[in-house]
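Some structures to go through are shown next.
Below are two complexes that have chain A in common, paired first with chain B and then with chain C.
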Partner chain A sequence: MRALLLTLACVTLAARDAGATDLVVGRGGAYTTITAALDAAKPGDRVVVRAGTYREPTLVIRTPRLTFEGEGWPVLDGDAKREVLVIAADDVTVRGIVAINTGISNLEDRAGIRARDVRNCVIEGNRLRKNLWGIYLQRSVDCVVRDNDITAEGVRQTESGNGIHLWYSPGARVERNRVSGHRDGIYFEFSSHGETRDNVSERSQRYGLHFMFSDSCNYERNTFRENNSGVAVMYSRGVRIADNRFERSWGSAAYGLLLKDIMGGEISGNTFDRNSTGLFVEGSSRLSVRGNVFTQNGWAAKVLADADDNTFTANRFSGNAFDVTTNSRSANSSFDGNWWDEYNGYDLNRDGVGDTAFHPVRLFAMVVEQHPAALLLLRSPLVSILDAAERVLPVLTPEALVDRRPLMRPPQ
Partner chain B sequence: MRRPVPPRRFAILAFALLLAACGGRQPEPIVLNEDQCGYCRMTISDARFGGEAVLPTGRVLKFDSPECMLSFARSTSAEQRGDLYIIDLQHPGTFVPVATAGFLQGTTMQGPMGGSMVGFASPAKAEEQRTMLGGRVMTWTELLADTASAGMGHH
Partner chain C sequence: MNVISLVLQAGLRDLSRNRWIVAYALCFFAIAEGLFWFGGTGPQVLLSLLNLVLLVLPLVALVFGTIHVYSSREFVELLLAQPVPRRELFVGIYLGLALPLAGAFIVGAGVPFAIHAGAGASAGGVVALLGAGVGLSLAFAAIATWIALHTDDRLKGVGLALGVWLATTVVYDGLVLGAAAAFGNYPLERPLLALMLTNPVDVARVLVLTQLDVSALMGYTGALFQHTFGTSLGIGVAAAALLSWWVLPLGLAGRRFLRRDF
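Entry: the complex of A and B
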């Protein structure tokens, strides 16, 4: 019985493969419009679009297992009036196309490439230019978005959507994309169990990466650079953020990484370089912040009093104006075992751990938290004296926010 | 004989009065991609949603979505809330006092906080858009009372 089933399956597969054909659009092909080729395609077929510019009504792929492939970068133009390409069938692959110019709309979220209510789509190696939204996964499960190059240069600032947007799309893999100039470079909303690796997201109008209500996601080896407000991670559980770079987010409301209401997770091996605030933690608990490098930020880490039970260890703090600040005298997170360039204690027993504790919160940081304008006095000698006095005898700074085992050498 | 008020002092006084007059309790324009939501801290980037609270102290709190303003209002006593304004979806950037505004709850729109609530100039305007956007028409008072449906996030 099993053998019979197997044979049947083989025959069916073979039949499908034998029947699969290439439908060629454009120069030398059998079709002049993509719409006609899509209408004629059967499951498992390949539609090959040759170089040229195509202006057709929104293209909708309704055939399962279709491969939709560009040859020589065909340009699919939305004429500033419509979405360009919609995937509306399972197991579809789209690669090698240039989707441009959706135009703007107040009431529709137009995308260059949209996957709508499908499974297992693959969107790879495409170029997206001047679209309101770049790639939009809408209620689509287990899709792959990789090696795409997405930029919104030329779209008006206030009217841009996101580069890669996931909405109720669990199990996605977002890898090796380059995104720039959109509102948010990469946005996960209600999309759990995603993997986001090796992307570069820069010059976003708001966040390089933004995710909300997206549990159990993993973000690693990405670079987020010069994003207007940095990266924001909100209202999620069990996130892992490892080995990323957060660089050069400057501004009063800009953060390398903003964590708000995150329950449980790991922030490890990241570099926070030249941000107004490197890491901002509010209302989050049970986070392990380990082995990160904080360098040349205004504030390396702001940890608000409502964040509790977080562990900072084996991190390296160097060249920051302020290492740690908070908004109250109570401290509910631990900071033992980090390396601080401001620490000038000694290690008589040579065990690599300083013999005196280090208080990373400067008095002046507390003053600035209450009165931002006081920042003008940052380099004043008076402030230095106050800081020194406060370190000897903490009166205003949180006494509990202390590193009892400061490292003598930066962790590797 | 009383001396007349010296012109310079008069000018200062007049200027101070003018400032006081201008400093009335008005909503401020939202600067997109710069201003932060006073409730969720997100940078505000969509002109179609959101609102403002002009607090009794004169300070202005900006919100990125009706949901965030509602959460703020629910967690703040009526005296401390100040005057609340909602953005009119049909005229992004225009503020409407919540008392006269209309809302659609449960539309097909996707707001900044993952919700689907939008504001209009009046309940009548909300009703006009209901056929296209879906949802049901509500007033601010009804929203405040309806703790079950109007929350933020998972729904």
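Entry: the complex of A and C
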């Protein structure tokens, strides 16, 4: 009997879905306001919003399995007073809309599109302009955020939110988005098992990518460019950061990639190009830094003494003012089999590995670490002489930071 | 003016017959071309050449310059017996030394970059390097002329030239480094910037750095450094400092030449 009831229920559900209808808002449609269409929608329906500008109270999608779709880029305007669109039901898809103008508030986190306590939402192919926060996933599980174009023109960090913000939202997929001008481009907090791929995050007021307490996440093929403070990731375990580009983060507190308290992870195949500091490692351990390219950075890699058990292999260092620096003689990360453009040893047995060790930490780097003003002497002949002397007879530079098998040719 | 050009022509003829100046140009050319040949990219070659410009160029200008002025002594005495204005004679002698030095450097270091179309080096970097080299050539040729006119003893003169070279290229930076370490607790950035302006070699280095090591300079102290020297005003100040290192010794040498009893 119970089985029969269940079957019946399923059949009626399926029948209702089969009868899913399109609710059209705007020119030539049955509805003039989106609010009315959302109120009338049943699970599985599709709400189609035609081109035009809509100024309505914050839109809340409460119907599960709804598809909310824009046709010809309808503009949903928050009038600088309110949040624009909230997803508050499971399995909802939002695509093709332009959400603008939430205005700035110091009391509430207004977002262009927010998903609140839901599962399996899909937010794709939308445009977000001039919002405090762009897309905000709040305690939402297994959501997809892709192909969105998000820009803001915030001037101050305190009056700006993040482009894509995840808070307690595990299992998210963030793909192919473009974010610029927000405080943090992409921000994960307490959001584990996320996949972040092929995004471009640039000109953020703070970090291009920022995550904290988000374990087992994967970041691939993203580009982080000209962000005010670069990229900072903290307090997480088992992260994989591969094949990304970190470019042109300039400033005294700007880092291509800053790792703080990251336990176990892989940093591989990334390119660090023209940053003040390419890779900054603090308090992190068991990281494998492999096959990255460091070019024309001020400091290619800064590895502090409280970071231990990290290995650098098959990386390529060229054209950096300083290859590796640290803050103490007792620093003990290991460098093995990297290519250094400043290495000028020889390879008698022709096995591709240099026969003499390379000390990537220059004496001058240690001097500048303690006396920053001495940077003015960069590339002075005197400094070259001191560095050469130190390499022959290391006194001040950390003995442990040495590459005993430097490569003769750059790794491919 | 006629006298200047005559003396200049004589000086140039003398120098072009002099194999040293040709070797000097060839040396720069061979090193730059060699660096390109062995797979150096534009920025790497620029950096290697920067070391040459900061070390070798002042050495050659000083030592070669002093010897050159000493050896043209008899020629000068001969001309002074004629009704020739001393001022023009002096200008001719100086230009006859400085122009070939600067020219040899421009040709030797510039042609490889022209051949390889920069090879990835920024135009600003190449221009800064060539400009710094020319500035240093002119300045150290003036200093060499002054030394040679001031000291009659040739050995002493060459020794003095070597002393100036050592002081400007290595010792001065050592003192600055010592000061940076000794007074590390004080805000040293601005005093050190001023110290950089009072040494021609450092001015030249700083000019090139602002074009080459932007990434490093944007961090820490460098930001001030970059903001001071990276702007057109800063480049102007640095260029003025280098110019004064040219004009001042030249003026002293000229005064000495005008008053001196040969």
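Observations
One rule holds for everything that comes next: the second predicted complex is superposed on the first by the 393 of 412 C-alpha atoms of A that agree within 3 Å, B and C clash if a C-alpha of one lies under 4 Å from a C-alpha of the other, contacts with A are read in each partner's own complex, and residues count from 1 in each chain.
The working rule: a residue touches a chain if its C-beta (ideal position, glycine included) is under 8 Å from a C-beta of that chain, and two chains touch if they have at least 3 such contacts.
For clarity, every value in this text was computed on a predicted model and none was experimentally measured.
In the overlay built on the shared chain, the residue A:212 is in contact with chain B alone; chain C does not reach it. Once chain A of one complex is fitted onto chain A of the other, the partner contacts of A:251 extend to both chain B and chain C.
When the two complexes are overlaid on their common chain A, residue A:136 makes contact with neither chain B nor chain C.
By the touch criterion defined above, A:106 reaches chain B but does not reach chain C.
Contacts of A:358 after superposition on the shared chain: neither chain B nor chain C is touched.
Judged by the touch definition given at the top, the superposed model places A:341 against chain C, while chain B stays out of reach.
Shared-chain residue A:378: touches chain C; no touch with chain B.
Set against each other, chain B and chain C differ in how many residues of chain A they touch, and the higher count belongs to C. Contacts of A:282 after superposition on the shared chain: chain B is touched, whereas chain C is not. Applying the stated touch rule to the two superposed structures, the overlap between the chain B and chain C interfaces on chain A comprises residues 251-252.
On the chain A side of its complex with chain C, the touching residues are 250-252, 254, 274-277, 296-299, 318-322, 341, 367-368, 370-385. Taken together, the chain A residues at the contact with chain B in this complex read 106-107, 109, 157-158, 167, 183-184, 189-190, 205-207, 212-213, 228-229, 232, 234-235, 251-253, 258, 260, 282.
Those residues of chain C that touch chain A in the shared complex are 41, 43-44, 47, 50-51, 54-55, 169-170, 173-174, 176-177, 180-181, 184, 188-189, 192-193, 196, 202, 205-206, 208-209, 212-223, 225. For chain B in complex with chain A, the residues that touch the partner chain are 32-36, 40-43, 45, 47-48, 92, 110, 113-114, 132, 153-154.
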